[in-house]
Every structure is written in structure tokens, then in C-alpha cells.
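Here the structure is laid out as C-alpha cells; the discussion comes afterwards.
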């Protein structure tokens, strides 16, 4: 049993079928193909408006290209100190933006608050010569702690930066997982709430390697084709990206995949709670479950060969009251997680509860 | 009929089969998977030695990462003025290397000569404070004009830069095509001839999106994992890259694909020559054919809806004696080009020969 | 009366005299001159060892060049969150290092502690692919709060990073001011305590525009000549930098200038303390005095036209117990501050004390 | 006797006097001083219009900052292959512009022609995804070969790039020398001829370290304050730059200095021509003389200890008909060159003429 991440899965059957259907024949290279055109139309449908779409093969590329489009080299991006862009991309945003700064803020559940954004803006004076200039806010939906922002929360963050003209980026590596929990329209949690650019994740959702940078303000997208090309992210056989997304997006398949992953997470969260097996470090709002693991629980998992990611640092930093022998473990569910796996996991944990 | 490029094709059946076989189950992310391990072993076999292998999804990424590994920001790369790295990657090598310079040299058939390299070194004095410092030579195999370097020619270029310690990079986007023409061992045309880093092309050969940066000197590879990651080129589902390469490399499939593409090109080149249809701008040494097209030939192609790439500038720059109404057209064959297509193309050209 | 900073002063008489003496005649350009040679010898004397010296015209350039020499683009520099490199150089270290990250830590009196360095290292795992790699620690001597590090404190910081191979940089924009307070040898507070590279400040000390990057480990200096040149910081009339430093360093003039500035600061600090005029936000250890200013004191200063820098944010961040109507004001003394100015300032403050 | 360059001289007396007058008193830092304000007004007078002025300490910084303001990282600057920006700044333009490309063109006398610019634009297709985008032309006035552009020639170059919206930069390290030869108004050879940004040289003219980036289109200058700051080129004691320029610009002193340097060059050029001592490689149009030196002349110069710069490569590249024993030597005159030196030099050369 491996619950390390949702990127340890392969690809969903419809994605493979779409690739198979695209295997033969000649197509224009570098995104000039029909698959890419159709995916652009699908995204316009999904978001109920014109959008500028750029497909790439990795989430780090999507995020770094998006942030570079929003900042100047002397600019700064306000984000959570533990966000993926700040802490898990080895400086990609700094590389792509030619040196812009990420200002990492504290915040419970990996979420930014309007107050913390306002406070950060107070520290970086507008127009000051000696300081980098905040130009964007970047949030993750769902967050690295499996929590989610409501439309109102997103709008409040946009508002917090509005007086300074800050743009809003959403890292949606797990956008689908957040969306199915919210139950709202994709437009509602993005551009209607003030999001300017979205990194729309396909890989964790069920593709091999497919992410989309979606600009809701096309004026921001004008230089993106060159940015993507010179970063080596304009794949020559662009249909490969287009076909994956077509497989995902057709007939709401992407939402089905996310609903399944979330359901598996909920199944685990409810079982540990109902069975008083252990506490959750954060509420389970998407496809991740963070379990507070006592020594016996850790031992049981080890003996059963269950793989998960230790996550204690962030819980400790938030003062979530771990005892010395407790750790937090991250368990992530994907489109391919089976209910039987969850049940086996519960079977491992239950006998070891205190 | 579309002969624009070998990247307008899809993927070969063994590549798709390998992907299909990798679809299910859990695998470590970011290149920690078994497919990637097996591909590393396959490359070690192919090159008859230990190699450090880094898989990426685009040729521009492979080249730019390789060159960045060989130069400092104040360094320079000597290359042909029309090479892909100099002229078709929108500044990617400059971006990845944090500003290093490409020194573009003239050279017939898109090939560098030891004399031109020596002359360039004469213009950039070693240790001079005011000038960038040449630190690498980059050649393309096969070249953009479909010509190829022999092992002796490669060795002579390495030798030309040896006194200054220049490293040698080979852009092998069409490495397989060159190799099957040469009929030599992969080792002979690479590290035994002095190549330090090879961009090994999989995409044009028959994959969806798979290239490998292969370091023959592992000391050069030490920082590559961070370079690749912060450029967004470390794909999370690394098995996707590994599986494609496994499909290609197993049982010499890659060589078979290249042999087919080359045979199709030869079929065309021999037919136009035998039938006195038109001249070749450069000898056909791999999978590309450059036809000198008279007005009537151009008209016949247009009427038949044959797509090809105009390539006159380079032929003119080399003084290849085009008349005012002649142009050069590039016709590229891929693994999926069928003999019947070539024959149809010849059928279009023949009636229009002067 | 203007106490905004020590960079609002002009140049000391010996500096001007040295420039005047260098005015005529021919000299090799770009640092190939005799003045620069003599300054290198003077620095070797001062630090009691061979050093590699690079003269530049600004402190931001000195710091950014030094840090770029210590880090890779995917590297990180641990520093105080309010240090000059982190907060007052508009991203220069990020620019010069091609995107390295500054990790800003809390710390009373703008000082780093070994514990905070160790904790930061714990957050950035060695060799981790997804995170930037800490490669240097940067401290300021004297700090932005006018406090200073003892040799033992410096050594402890070096020790805190030793297991990870971290290099130690000292931003010595006010190095002379710290040194005369410590009363130790320059070697003792630098390389003997573990400093690898020092930004030695000349401008605030009494020059027009003269800073020196001093490498105690010459192996780190190998690429500096190119770094400096391509940043536009290799001045053609290099004697201009050399002459200024010769004017400063000869016969201990630089120490005399710093002693005077410190004495002026002490005069103010002692007067406000002795006269119970107000509290000091931080102890006065160099040439800066941070006064906690009540409403009436602020009003008195305003009426008298005294210029100083508001500095409350940092004091508040440290929880230094300001009441709502109190602010902290920074008063900086330079080589040209006269005792009569201090006395006039005290004359302004005294009547307004509570 | 040293004729290596005009940057081997010191500073003119009025520059030193202006510095001396600025030595005392308090002034706002970072360019907020009165000297800088007055210099801005002087430049507005000189150019007969509003200008945005940014003072820096080196010509490389001025050029690199100017070019970075005109290009995007995927942009390109068309320039002469032997221009200072292309060949003598160790990649500074690439560094400051985050990787933009310099396209170096051939051209007699180090000058660009409208035809060569048009041809270069033909090679880089507008909007092409795979190629960098030309966005500026950069010319040197006077050139590295001591030749100058007329207003009509400058206007023709601007016109050559107009359809593609190319901006025009003039590297005026020796602007004053060109101007006094042209005898026209500064406006006529700059903005009225289409120059958008000028690097106005003060250092070679007679200052210690003072250059000005002058924007004739203030819209281009909007980000320059941050660019300059983060490059470490915003000197804290800004009056030091302002005072130098005030010393230079007041009462036409700068023009007098240039007239003197040019007269010294003319004195040499006329003497070698009148006396049939040797040929000139290029016409003497400013303050540089390029002598074609036979073996005996080289020997005589060596014996007399005359220092000059070998410059044969460029003459050979232009096919200027050097015999195997001839070289070209560059002799540069500065504000401080005395007529007696020229006469002594002629005295050395004359006996060795063939």
C-alpha cells in the first residue's frame, strides 16, 4: 500500500484511449494541432468565457511560467511559506522570473488570510527604491494540507491586494479535487473571485504529464508563447498534451476522477474518526488525509509496509499539539486508489489504536 | 502529403505498447521508478560504458540543460550559425545558462570545421577580461541540412578546442538517423570521438515526448538534477518518460525506426536524381531531402497539396547557385512515412521536371 | 540637522587629497594601476594574510557579487530577515546569483543565532531535489540595528553551518565602526572566526564610492573578475577606487574616522540615558542610535527640523514594548558629524522629555 | 608615451574642482541630491527637451542598462559584431537583459548600414516562435574604429528598423568626440535622428567615473530606477556622480575637452599623412588614430617605449590590405594628451618610415 502522493499513479483509461486515438497520422507541431484547439474550446466551456490556454508537461513549469507572467525581476509574489511554489520547486519561480522574490507568510492550514497579505504589503512600501515590489499573490487550491479556499476567501485575498494592483495566481495542481468539494462552477472559484491565472492540474488528476496555464485576462498572456518556448516547454508533438486533456475533460471525466479520489480520502477520514483511531491534523477537504500517528500506529504501518509521507514539521509549526511520540503522516488518494486499499489500511490501523 | 518535419508524426506502436503496460500500479515519482532504471541500463549497454542519464520531454530542454552544464554565464558556446541551439530555440540556451553567448560560425552543409573553430578561438582570447570565454563546442548530428559528421570529423572538432579545454556537445535530435547511416557503434561517434554530452533524441525517432541528456563524463552531471528540477523538466510521473524510451530502445526498435525513415529519404533522393527531376541542395545522408525546386515543380507541389518547408536562405547563404525562380524545399521522412507516399510525391514531381 | 544616514556625508579630506594626487598622469585601466596594487598590499597588512581583493563602487554590488560567489542559482543564503541584502537591495543578490534564494530569519537586534541557523537547515534537507540548497550564511557587522557580533558569536555561526559546508559572508558596510568598538584585530573578527568573504565598506566610512570584496579563501575568488566585469562594476579608471582606499587606509585613517563617528553616537546615547530623555531601542554599539520617541519628542524634533529615519517596524516586530504614541527613530553619525550637532540635538530633545 | 586608450588618463581640473566643492555638508543619498538635479537640467538644456537621466559609474553599466530597457529576454539587439556591447563587455548586455541575444553584423569601419540591418531582420521573422525577436539596434558614436555616423546615417538606421518597431540605442562613450567633429547640435545627432536612448560618456571625456543613460522617450525609463538599483549602480553618495557631471557640462567644458583630444588625433593623422610616414587604416574622425605600422615603425615604437593597442584583426577582417609584416596600431588621445607628446611620437615614427 502506497499513499505517498497522487503522482505515484499511472494514467486513467480514457487518457490512454485518447492517446491511442491520436497515435497515427500527421499533425502540425508545437501546439498547432487540432487536439489542442479542441482542448482550448473545452476550457472555454468549462470556465464559461474566453481563456488563453497554454499546455505544458509539468506543474512546476505551469506555476513558474504563470508567476513569471505576473512579475518583473524586481517584483515579489506573496504566498504561503509552505506553498509548492515557495518550498517544493527548487527555485523554479525565481529562475523563470529572472530573480523575483517569493514572500512566504505564515498561515494555518497552509492558507493565506487577507490580514497577513495586508501586513506583508505594509512591509514592502509601494514604489520604494530599495525593496522588491509585490506584484502578485499566489494561493494553492487545494492546499498542501488538503484544505480549500471558498470563493469568498479567494475574493477577499484579491481584494487585499487590489489597492496595490496585485494579480492573483491559483496553483490548481489539485483544482479538480477542490472543485468537487466546493460543488461550485469553475468560474465561481476562479475568475469571478478574482483569479487572473490558474495552473490547471491534469497530471495528479489522471493524465501522464499534462498541465494547463489558463489566463483569464488575455492581456497577461501576450508574451507567454515565447516564455514557454525558451523554457523548453513547447512540446513539438503538441497533440500529446492535447489528447491527454481531451481524454480528461470530455464528458466531465476529470470531475469523476476527482470525486473518486476525494471519496477515498473521506472514507479513510471518516473511518479513523468514527473508530476513534486517531486525530486528523487538518480537516479532510479534498483527496489528502493527515493522520496524527501515535507510536503504536507508526509501528503497525511500518510492519504492514504502508508507505506515507511524514508531515510533522508543518503541524508542529502551527502548534497542533503533537506529543513527543506522535508524528503526522500524509495519505493521498488518487483516481486509481481502490476502496479495498482504504479498508485494508483501516484494518492495519484499527488494532493499534490506543 | 506532409513532409514538413519528422515531428508531425505520432508515436510508434511499441512506444504506445510500453505506455499501456505502464499504465497501472504505483511507482515512485520524479524519476525514482523502475522504467527509468531500466532505461539507464539500456543506455549503458548501447554506449558500452557507464553514463549519467537525465530524461526530459523536449529537445530544446535537453540541449539547453546540456549547454548550461558546460558553460558559465560568462562563457560561450561555439556552434554553427544555423544550428538548432542558435537559431530555433528562442534563446533557451541563453536562458538556461544565465546568459552565456552562442558564437555562430559559417560552414557548408551546416557543419563546423576545425579551422573555423580555431579561428573563432583566436577572436576570443583566453582569460581576457572583456570577452566571454569559449567553453564548449556544440554540433548537430545529423545536421539541420541532413548531413552527418564522421567519427574522424567529430574527433577533429574536439581536438580543435582541446588546448582551451572546450567541452563537446552533440545535439542528437536525429542521432539515430545519423547512426544507421554511419553504421558504426554509438560509442564510436560519441565519447570515443570526444563527445562529453549528448542530447539523445527520442521524439523525432518515434516517441511522444522523450529526450535524454547523456553525460559521458559523470563529473559534469553533478548539478544536473537541480538544473532539471528548477526548469520544470523533472516530470512527476517519470515512468512516462522511462516507458517511452523502453519502448524505443528494446531490441533495437529505435534503429529500425531510423532505418525506415532514412530509407524513405533515400527512395526520394534516388528517384529525383535517377529521373533527373531536380538537384539536391545537400547530399541525403539521413532522413531529410533538400530539393532545388524550379517554378514548375513548385506549382506542381502546390496543386497537389504537398506540404514542405522552404529552406532557400541557407542554400543561398552557402552560394549553392539557385536561379531566381528556384527555391529549396525541405522534405523530412519519419518512422511513419510510407513508401507509397514517396511514390506519390515522385508522381507529382516527375511530370513537372523541365 | 540631518541624521538620516552616514551616506549623506561627503568625503573625508585625506580621501580627497589622495584623489587629487592621482589626478594626473597615465595609469593602466580596469584595476591594472599602482593604486590598486598598493591597496591590495594594505589589505594584506590589515588582515595579516594574503587576500584576494576586488574594488567596486557600491555596497550593494559588493554584497551581491560576494553572495553570487558563494552560491549556485539553486542555492540559498541564510540571513536575517531585515538584513540589507534581504531587504534593502531590491533583489540584487537574486539578480547577481541568477536566482538564488535568501532565507530570512527572525533574531533580536538584527542578529542571527546558531540555533536559528540550525533550525533553518532543518527545514531545507541536504540534497533534497525539491528544495533550494543552503550554501552560505550572511551576517551584517555592525547590524542594521547598530549592534555587533563578537568573534565568538561569528565563530558559532560558522560552526552552525559547518556540517553542511556553509560559507560565511560578512556585510561590513560599517565594518570599521564595529571593529573600533570590539577593539580586536581585523583578522580576529573575520577569517580567524570563520568569515570567508567580507564586504569591506569604504563609502560610509568616508570615501565617495569605494567598497572592497575581500576573499580570505582565494579559491572562491577565481571567477570574480568575470562576475564583476559583466556586472559593469570593473571601473575603467580603476585608480579612482584605489586612490580613495589609499586615502582611507593609510596610517589608520579609516579607524580614526570610525572612532569619531562612534564617539558621536555614544555622546548622544549617553546624554539621553543620563538625562532620562528617552529609552534606546537597542544598545548603541557602533555609530547608530535608536531612540524611542514619545509624542512630545517627535514634535520637538519636527519643529527643529531634525531629519532622522523612522524605524518602528523592526522594534515592534521584536516586541520592544512601544506604547501607541511612541516611535523609534534612527540617528546615524558619520565621520563628519560634529559634537556641536549632537549637543544641539540634545538641546532639542531635553526640554521635551516627559 | 602611452596611447593605449583614453581611459588611462585621470580627471580634468574642473571635475576635481566640482568634487572638492561637493566634499562637505549633508546631501540626500541615492540621487536625491541637488547636484543630480542640476545635471538633469543641464542635460535638458543640452538636448533642448525633457529627458530622463540616470547617472552610473561605468560605461558597461550604462550600455547594459539601456539595452535591457529596450529588450525582453527573448529579444535581440542588432549591432556591429565588433561593437563594445558585443565584444568588450563580457556578456553584460546578456546579463542585464536576462538573456537577450546580440546579433553581430559585419560592416566597414565598425559601422552598420541600413541594408545589413534589413538583411538581419529578414533572417529573424517577426512573431516567429522559434527565434528571438529583434527589438533594438545599437550603434556606437564614435565607433571603435574612430569613425562617426552623420545624422542622416543614424536616421536611416532607425528607418531600417521602423517597420518592426525597433528602438535605437547609441553607445556614446565618445559622444563628445563625435559631436565636435560633426559640429551639429546634440539633439540633431540623437533624438531628432531617431535615437531613443543614449549612453552619454563622461569618463573618457574627463571624469573619474561618470556616465549617463539618457532616455528621450520617458516611457522607456519607467523601470530603470529598479534596474539600476538591483544592479548595484545606484550609488549612495549620488552627489559624487552629479558633481563630476556638473564639472564637465558647465560652460561647455566637455566640448572643449573633446575638441582638444580630437585636435591631438588630427595632429598625428595629418603629420603621418603629410610626412608619408604610413597609411591610416580608417579615417581619423574623432580622437583615435589607426596607423598601419611596418616592421621598422613597430621596432621604432618598441625601442622608444611607446604604448599602443594592436588592432590588426579588425583591419584584416575588413580586407584592408595589410602586408604580412604590417600591423595596425590604435593610438587614442584624451583630454590630457599634450601636443608635445604627439610631436615626440612623430619624432619616433619619422626616421623609421620606409
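Lettered A, B, C and D in written order, each chain numbered from 1.
Simple rule for what comes next: contacts are C-beta pairs under 8 Å (C-beta built on N, C-alpha and C of every residue); 3 or more make two chains touch, one makes a residue touch a chain.
Please read these numbers as outputs of a predicted model, since none were measured by experiment.
Each of B-C and A-B has its own count of C-beta contacts, and the greater count is at A-B. Ranked by separation of Cα centres from chain A, the top chain is D. Chain B and chain C have CA centres that are 52 Å apart. Measuring from the averaged C-alpha position of chain A to that of chain B gives a distance of 35 Å. Multi-chain contact residues of chain C (touching two or more other chains): 73-74, 89-91, 94-95, 98-99, 129-130, 226, 229-230, 234.
Listed in rising order, the residues of chain C touching chain B in the complex are 30, 72-74, 98-99, 129-130, 133, 223, 225-227, 229-230, 234. Taken in their complex, chain D has these residues touching chain C: 2, 4-5, 7-11, 13, 16, 19-20, 22-29, 56-62, 64-65, 89-92, 95-96, 203-204, 208-209, 226, 229-237, 239-240, 336.
Considering their complex, residues 73-74, 87-91, 94-95, 98-102, 123, 129-132, 313 of chain C touch chain A.
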